[in-house]
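One chain, chain A, appears in both complexes that follow, with chain B as partner in the first and chain C in the second.
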Partner chain A sequence: MRPVVRAGLYAALTLAALTFIYPFLWMASSTLKPPFEVGSLALIPHDLTFENYRIMWSRAPFGRALLNSVFVASTITASVLVLGSMTAYAMARLTFPGRRVLNAVTMGVLLVPGQLTLIPLYTLIVQLGWIDTYTALIVPYLFNATAILMLRQFFLQIPQSLIDSARMDGMGELRILFTIFWPLARPALAIVAIFTFMGSWNEVLWPLLVVRDQQLMTLPQLLTVFQLGGGAGTLGVSLAAAMVLVVPVVVAYMFLQRYFIESMAGAGVKG
Partner chain B sequence: MPSISFEKVNKKFGDVSVVEDFSLHVEDGELLVLVGGSGSGKSTILRMVAGLESVTSGTIRIDDRDITHLAPRDRDVAMVFQDYALYPHLTVRDNLSLGLRLRRMPTAEINRRVAWAADMLRIESLLERKPKQLSGGQRQRVAMGRAMVREPLVFLFDEPLSNLDASLRARMRIEIGGLQRRLNTTTVYVTHDQVEAMTLGDRIVVLANGRIQQIGHPIELYRNPINRFVAGFIGTPPMNFVEGNLHRENDRVFFVSEGLRVQLPAERLPGSVPSKAMTLGIRPEDVTLADGKPTSGGAGAARLSGRVLLVERLGGTSHIHFDVGPHRLMAAVSGEDPPAVGDTVGIEVPSERVHLFAADGNALARAE
Partner chain C sequence: MMQRPRPERSSMRAEQRSAWSLTAPYAAFLLAFAAYPVFFALALVFMHWDLVTPPSFAGGDNVRLLVTDARFGRAVLNTFVFLAIHLPLQIVTALGLALALNRRLAFRAFWRATFFLPVVISGAVVAILWNALYATDVGLINNLLAKLGGSPIPWLTDPSIAMPAIAVMVTWKNVGFYVIIYLAGLQYIPQSCREAIELDGATAWQRFRHLTLPMLLPQTILVVTLSTINGFQLFIEPYVMTGGGPLRRTYSVVLYMYTNAFSYQKMGYAATIGVALALIIGAVVAAQRRVIGTAEAA
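Coming up: the complex of A and B.
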């Protein structure tokens, strides 16, 4: 490729990248600006201030909400990985009566929109007396059909002889799953972990339904309540709260970026 | 060292019978080869010994212990897989030692065994590598090492050489044979390659459609195949077969087919010779090219005339394909000056070397 063409190409790509990253950078910088400066499009604050964060922190229990979110999302992610891979292993590698039915049912679950089960699920939670508990936030998400099917697909590709060999080495099924399959399925597990964590982290509707106690609210929920209730007052404070919400996900993404890109590339190839 | 015995072992997958009435005794320290085409049931038998496949009916014993329904880990057998089945995320050392660690063996003993196997297989320098950093032959050695460190009662090999290229396969074949003799561990070896079977086996079991066709020492199978399947399976290049009939003339017996007439020595035949359809078998290496004009008949050797269709030169020997009447035969001859394509040549078929098979495929019993 000629240098001129290459330079042009890079310029175009850079421009495209900027259009995506600019709003995020603007948000980040606006949280550090005083109220009168927030309207400006500049990325470097003229008068640097942490006032927005101080106000946000003092008006609502964001620290507690952050902990709640971390706890809920981590528990759900761990459970989806452990229980999901156990189910996927059984579905992919063990023969038992009803295996086909289980496969079909798991697939069927994907066809049911979440909105449809929202009301029955809410009624159930009320009946169980779980309103305003972590249980209500966590239990409905412990299993995930998409995760099971994804892991099952990956597990199907692992050669049978590895399982045979592990059995002859004296391993039971659980040990085969966690000491042979898990290390081999790291990319698939990472994808499932990222999607589950992000899904749980960003969930607003369900917590709004089942949690009213401010001490139990997750970060996006508290943020929504905070903004809708006019607690933020200024745009800078709202943006500061959004920053707190988004930073953990960005950090997680940076660590798991390799797997994330692999999964996207893989998804492209396999269709 | 233990023996293995199979008593009327059957295996069905649904309604399909893959192994039927398999009874066999493998001696202490013996290297027994199960050979057969795909679908012959050879791998299934091996997997039943390993405990990876259930037994539909019958009993398998190692020494006097009934292992038919034991879990794989309780059988004290080790297996080498066709695709090696090394754990990709573990180093060679961990691959070798994992089975021992799971059995809670003391670390010192594990280290001793890993060092012993690595030394024996010359893989000491590879111990810290991962499987994908190894060549095919090296992986094969690690797979064998993993079986060796267990010091099992029985070794099982499931087509261990089929993923290697030809020259490496020949070398590893010699290594496996040598190793088995040194360790003197009872071994069952499955292959579809009859050369491997012939060169490695103390005894060979030829299987077809889940049934034993013949059991015997390699040379015995080569010399006295019990039926047409075994005759065609054992030996390279494969045996020539010609369909025809037996004819009695006075007290002489001939095998007759279009363009071909071979006198059979009377002592080669059982008392009552059925005069119906027969198949004559002759090994390519028993067919010789004759000088001069072909004649027919003769007591010692039948002389035929054939037109050369194809010559495959292998160096020291050549495979010569030719037509005799409507039949296509092959001769494996030595010498560097084979006839040319299109030549008409005289061919000698020594009558004491021919095999006869009845219409049902069974070899005609010899009246010896």
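Coming up: the complex of A and C.
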């Protein structure tokens, strides 16, 4: 590349990077400014204050929402990994009548748009009496078709000789799965774990439908309700509330960005 | 699997039994949370149900209402306005950034990670953040405009600007995802093709137009399909930022479905909107693929 072209390229990339990062930096700094200063472009607050965080924390149960989100997302992730890999193992490595049907149905599930099933799922939850319970937030997500197909694909590549010798040693299927397949499948499990956790962490439409009790709300839901209910009052307070949701994700992303990109881009393409 | 020695019958039975017990939870889950909702969605189309009194048969009421419902028509039209701005913008920015990243660069991982950052952030947060960026009086964008000598623009309160503003925001949020897709596609363009076309004396533009762009067609189709599906799912952005206004110009189909179910307790009609939405998405995506396919053949 000629030097002029090279300089232009880096200038363009810097401008693009600023477009993506500057809004987040501005958001972080705005939460530390008093209301009259929020509009300014400067990133360093003139009058540093934690007032926005104090107000946000006292007006709505954000600590509780953080715990709810962690609990719901972790439970779902654990289930998608454990139950999902049990299913994927059987679908990949065991012969049984019904295997093909299960495969076909799992692929079919990916083609059904979520909007089609949203309302009937909601009425089902109402009829089961699960409104305002963790069950409503967790159970419909216990399995994930994308995750099962990804794990199945990975399990298909593991040599049969490993299974045969393990069976010879008298190992059962569960032990083969968790002591032989899991260690080999670590990259696939990590990818599934990240997109499942992030999907649950960021989900807002489903909680808005099935939870009305503030004490059970997940973070993005409480954030949305707080914003719409006018509880924030000022821009600084509503951005401070958003920070509770953003900071853990950004910290995790900084350390694991390669896995995040691989996982979320891969899941989106397959799902 | 093929060359496996034929196991004895008892061990085959044991394998079947363990396979069934391993997959039974999933099969039950599929029946309850995948199969049942799909069939019940179709049944709900012919029902009136407020969740309090027992459901009643509605005949063609819901479908008839949907066809004549100006609010539903408005929501669908809004989505097309959104897509008309979002799709070209998404393709151009994603392709541009991917082409830039595909060169020999310092800090390539860093650039890639910054472009991808908004993808990992919750849509609710992005909506609240951009609400602040777009704010007419204290918003970052209008402040920037003022510095450059411009006058403030009512981004989210002007009926003709609000939907384009949301389309720009969604492009910003998702572009990093599509950059990754285009980057993967660029890896597959053989070096020999590039060299051959350069030897023929092609300019950079000709190389892009006649080699890169056609080779990236599968990625472009994917970008169009995924952003179209995504566009029809628009919910949290109008819900948080505009409430569907001004003058219902940002009202989305999912927001209308949610309102019918949650605020009006009309389960039959809400499900009808969901079924219609699924059909519209299928039709639009199929039409897009045909158009892109014939455009390429010409």
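Definition applied: the second predicted complex is superposed on the first by the 236 of 271 C-alpha atoms of A that agree within 3 Å, B and C clash if a C-alpha of one lies under 4 Å from a C-alpha of the other, contacts with A are read in each partner's own complex, and residues count from 1 in each chain.
Just so we're on the same page, contacts are C-beta pairs under 8 Å (C-beta built on N, C-alpha and C of every residue); 3 or more make two chains touch, one makes a residue touch a chain.
Not measured: the values here are computed from a predicted model.
Q: Touch test for A:78: chain B only (first), chain C only (second), both, or neither?
A: neither
Q: When both complexes are superposed, which of chain B and chain C contacts more residues belonging to chain A?
A: C
Q: So, does A:170 touch the first partner chain B, the second partner chain C, both, or neither?
A: First partner only, chain B.
Q: Is A:162 contacted by the first partner chain B, the second partner chain C, both or neither?
A: first
Q: Considering each complex separately, which residues of chain A are in contact with chain B in the first and with chain C in the second?
A: Common interface on chain A, chain B vs chain C: nothing in common.
Q: Considering the complex alone, what residue numbers of chain C touch chain A?
A: Residues of chain C touching chain A: 1, 4, 12, 15-16, 18-20, 22-23, 25-27, 29-30, 32-38, 40-41, 44, 49, 51, 97, 100-101, 103-105, 109-125, 128-133, 135, 137-140, 143-144, 147, 172, 176-177, 180-181, 222, 226, 229, 232-233, 235-236, 239-240, 253-254, 257-258, 261-262, 267, 270-271, 274-275, 277-278, 281.
Q: For chain B, which residues count as touching chain A in their complex?
A: Residues in contact with chain A: 47, 50-52, 71-73, 77-79, 81-85, 87-89, 98-99, 102-103, 146.
Q: Applying the document's contact rule, which stretches of chain A touch chain B when the two form their complex?
A: Residue positions touching the partner: 159, 161-162, 164-171, 175, 180, 183-184.
Q: Which positions of chain A touch chain C when the two form their complex?
A: 1, 9, 12-13, 16-17, 19-21, 23-24, 26-27, 30, 38-41, 83, 86-87, 89-91, 94-99, 102, 105-106, 109, 112-124, 126, 139-140, 142-143, 148, 160, 172-174, 198, 201-202, 204-205, 208-209, 220-221, 223-224, 227-228, 235, 238-239, 241-242, 245-246, 249-250, 253, 257-258, 260-261, 264-265, 268-269
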